[in-house]
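Just dropping this structure here.
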């Protein structure tokens, strides 16, 4: 496909933070044109009246769901969990579909019931979706029409663990202590995102039962997980707007130096534009607003810890979704994604 | 009244931030005992399950409104605007009532209608309330049974302006540029206090029509305002949890030095424990959690600016309410109010 | 000049926040190539090791000042106040120079001495610099070789005041209550930017004597200030990283509605891509990271207030500098400056 | 000792955050009087000019070290690491000494050298110090004259682990993922506490080599650690001013429910006023400014996680120091320590 291709794009659910970030990226993507963006409660209102950062940059108006998608090449679904599952069966078969919700990430009906409370999952449809963790799944993504875009916590965790688990050098249990900014809770005000509370707050939530855990386990199995034991996955809330930081602890089968560990990661990610290996520790400050995942590794004897940091709304959602679109349609994967972050 | 007096206190509306701060202070007040605290939606729940800072410090349980107040000495009303107006007429006549809402601050029925949307104000009842700005109204407060506790913005503004206007040395228009932390919006989540937005936000709101404006004008008239011209009062939102900062600009009838101006203020507040004159500028960081109002003055030729800083929930609400209770019942005004703040 | 022109750019002082933002913009500018970037204390180190947001995006290394500038088209000076004054005389005459410091903003030697402590100002050289407030000075900028880029506070203030003062409808004194984020203090740690203090802080500083005041007065005179009286300019510190918000109060010669006032502004800025007129109030949240200046106006009787918000490091520094470069070299003024901001 | 005792107290190193918090507490302690407070660089300046929260509350002036301590009952040492070691040998033998630094926490000379870079440790003197983790060491503290006050991270970690390790029901390796606010870095500005960076930042530091690790290991051995394997201790930086949160992961020898685990903790801390067992997760928001340690436990099969939260400057430093003073001198341990925190 030539570089002057213009994909015609529809965004379902454009009023949330996922939709907001899709717009921020796609409005300036050289090979995409946002044809329609839906938001039932805002239908008829200017997109820029909701996402005021876009004032002066777009004349788009929020739409209800379009009657026909005949001239659409790519649909992004950025709706609350549960809605994509009822929309996807009605979409034309030849359209590229990228779902940012959790609806199609799991293939096991019991887990879908347990973690998302949905008991009518169509497992045949579920199994047609390709898991969109770009760096570990490029080949399948390239051939796919249906993408289940990974969860934000899952992205940070899997990118931190994939090289190690593929190497077969890890042993035993894995502890993942993950922290997220407040935008991970979405655009709707709630008690846990009330500014007077949240701004001086740090706490854990959903111990042992976050819905990204089965997603992580399922994908680790796919990429050749050879470690015995299980994963303890714990989520915490940070008093910042954006960013996820994961601290991943595991044991090595034999003693390694930090340098040896780093070589494994550097080699694994040698073709991954959006993974940057850093010294000592990543910092969410350096990835905020960008599609990068910064990773550092540290070893002491047989103990290892790997840190990863992403922007939950970019690499953890909209950015990775566009990265996948790029791959599905033959563009360089960083097309339209050179968001630089800033200092400070 | 002797120092071993134990006032029996009821708090109506104890689940909001005003109620929270009343509890923080009154539970440790040497001359007060909180007998009952109401919160309809939380009735039956432990106070410490809502105000989790109080865990281990109180066994109080939220109540519905008590059937009788026979054994109560002081009632604090800390409910949303409009509710105190319907409760006060039913309270026993001999009880001290301190209302933290805006219901009884204004005496003019038209203003009450315009700013609070209430068109059934009983102006006779309204006029019985004494305005509880302690530092300018001590004598009336001492004799009062009914107190209208000032608004947070009004407190910061009036304490900054009172010495100057009393002195008769100010001239012309007064500009008040006031800024508040997010707790000023109350304990209920809303779009303007949604953490992802608010944490990097600063904006103005209610230009020319904030409900504290008529309250400020009314009280300035009472304390002998002799300045011609009017007041421009503008409110802004700060991305911190607590604190109000007011920058008050006015003209001097003749040129003064900063030192001359400071002397006027120092003299005016020489007996005011909770007003502290500072150099250059106050900082909300030094008053947060306390009942202090920090003030600085600066003059250049005939231009003057006075800065004041308070904690909106303490000197701007619960702290001043208790300060008024102390005065009404003959205790030193700082009893139970030596909240020190902290560095940092 | 054709659109495929590649300007060869040098940045002096690339390790501070101004330099950081110049790099963020210029590395992706379609008509510019950053040939050299200096930072004496970091000479020899990778740019991306200091500005870690740029890891993976540039291989530039910090340089000491280059021996020759023969092949350079544009020099940006982003050094501490006082250094540009000694560098400019040595630069080749045909190079475009854009100075982000305060060195060449004032033309009066006494004011330079008073506000910047420099008593050797070469007033002839000073007078050759064109003041780079793009929206009011486009014609002069287009013809200029030497640009004094405006201060951040001055930019926010002047854009808020220019339409009104040009209109001749304002009267009397102007009060400007301005607030800035912590990045305005630069990249070097100091007591007033120590996180434990600053994060819960709001205070005023430099009352009546901020160095942007004479800059504002001088440029208002240039654009046809017809108002009598003087300007009171007050600066405050906000507990956010980025953003400036200015509240500008003045009197109208006769009563106007908000709509009438807005029409004046909308007309004045009808060709200004980077000025956006908004309802009620701008918010620094919507301009952070961008080159936009958001403005709202409000009138009540003869009182008016105009609010403006910018990102201090973009429209208040590096972004406006590149906007000026674009104009000087015949590119559309928003070339390379479509930084979108984000929600949240 | 009767309740009307007035201990005469000296504070060495009163200008830092530890000293600041000692003053906030001790100035209002019913059984203590601060006789002298030293700060070499501020000698002769009013304490309230540095700790501006204390304006109006104390007339104390910073002193150099006093010539005689004849009339002093208790000395608090709140100086940078390394200074207490040279002062303690010169102090009168009958004085109670409570050192807030790390100088006397370790008994092993090699570890002192490795973690604090001090190679002249007097191990005899070191061994005379009692470790001041109040809740696990009350009996020894009651009899002690010399207290090594625990580190902030160590306090949060040890209180989270002590009940479990005493019970003998834990197995294998322990992972401690700990996070601290910026005040943990002290009152002196530095790159990692520069507000523009820190306010949107989260990162790890000192992997595998934080100086609180040997302190934790040493004290766990004292309280009857029976778990095999080692401790992985990892520290991270939070973008808040105050608070430590520790997530402690370990394995159970056999499956337990969360309730069973909670019973062990509730029983262990049944007499500990300052430890509060909470549901799901503690939150630093509820302990900030207080001497409380909030703890929650969660079990799933043989996996357990315990969360603890403290204020690093209170229970993690000055508050626990005063708690120890109370015990050493026969006062109820919460005397002067009913700091309530606030909501919000």
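Lettered A, B, C and D in written order, each chain numbered from 1.
By our rule, a residue touches a chain if its C-beta (ideal position, glycine included) is under 8 Å from a C-beta of that chain, and two chains touch if they have at least 3 such contacts.
If you're wondering where the values come from, they're calculated on a predicted model, not measured in any experiment.
Enquirer: State the pair with the higher C-beta contact count; candidates are A-C and C-D.
Expert: A-C
Enquirer: Just grab the chain with the largest centre-to-centre distance to chain B, centres being mean Cα coordinates.
Expert: The chain farthest from chain B, judged by C-alpha centres, is A.
Enquirer: Any idea how many Å lie between the Cα centroids of chain A and chain C?
Expert: 36
Enquirer: Report, in whole Å, the distance between the mean C-alpha point of chain C and the mean C-alpha point of chain D.
Expert: The answer is 46 Å.
Enquirer: Of all the residues in chain A, which ones touch at least 2 other chains?
Expert: 17, 183, 187, 196, 199-200, 239-242, 283, 344
Enquirer: Enumerate the contact residues on chain A facing chain D in the complex.
Expert: By the definition above, chain A touches chain D via 173, 175, 177, 179, 196-197, 199-205, 207-208, 230, 232, 234, 236, 238-243, 245, 247, 249, 251, 280-285, 288, 296, 298, 300, 303, 305, 307, 309, 344.
Enquirer: So in the complex, the part of chain B that touches chain D is made up of which residues?
Expert: Its residues touching chain D are 17, 20-21, 24, 27-28, 50-57, 183, 187, 241-242, 273, 276, 278, 283, 286, 289-290, 292, 294, 313, 338, 340-344.
Enquirer: Within the complex, which stretch of chain B touches chain A?
Expert: Checking each residue of chain B against chain A gives 17, 181-183, 185, 187-191, 193-196, 198-200, 239-242.
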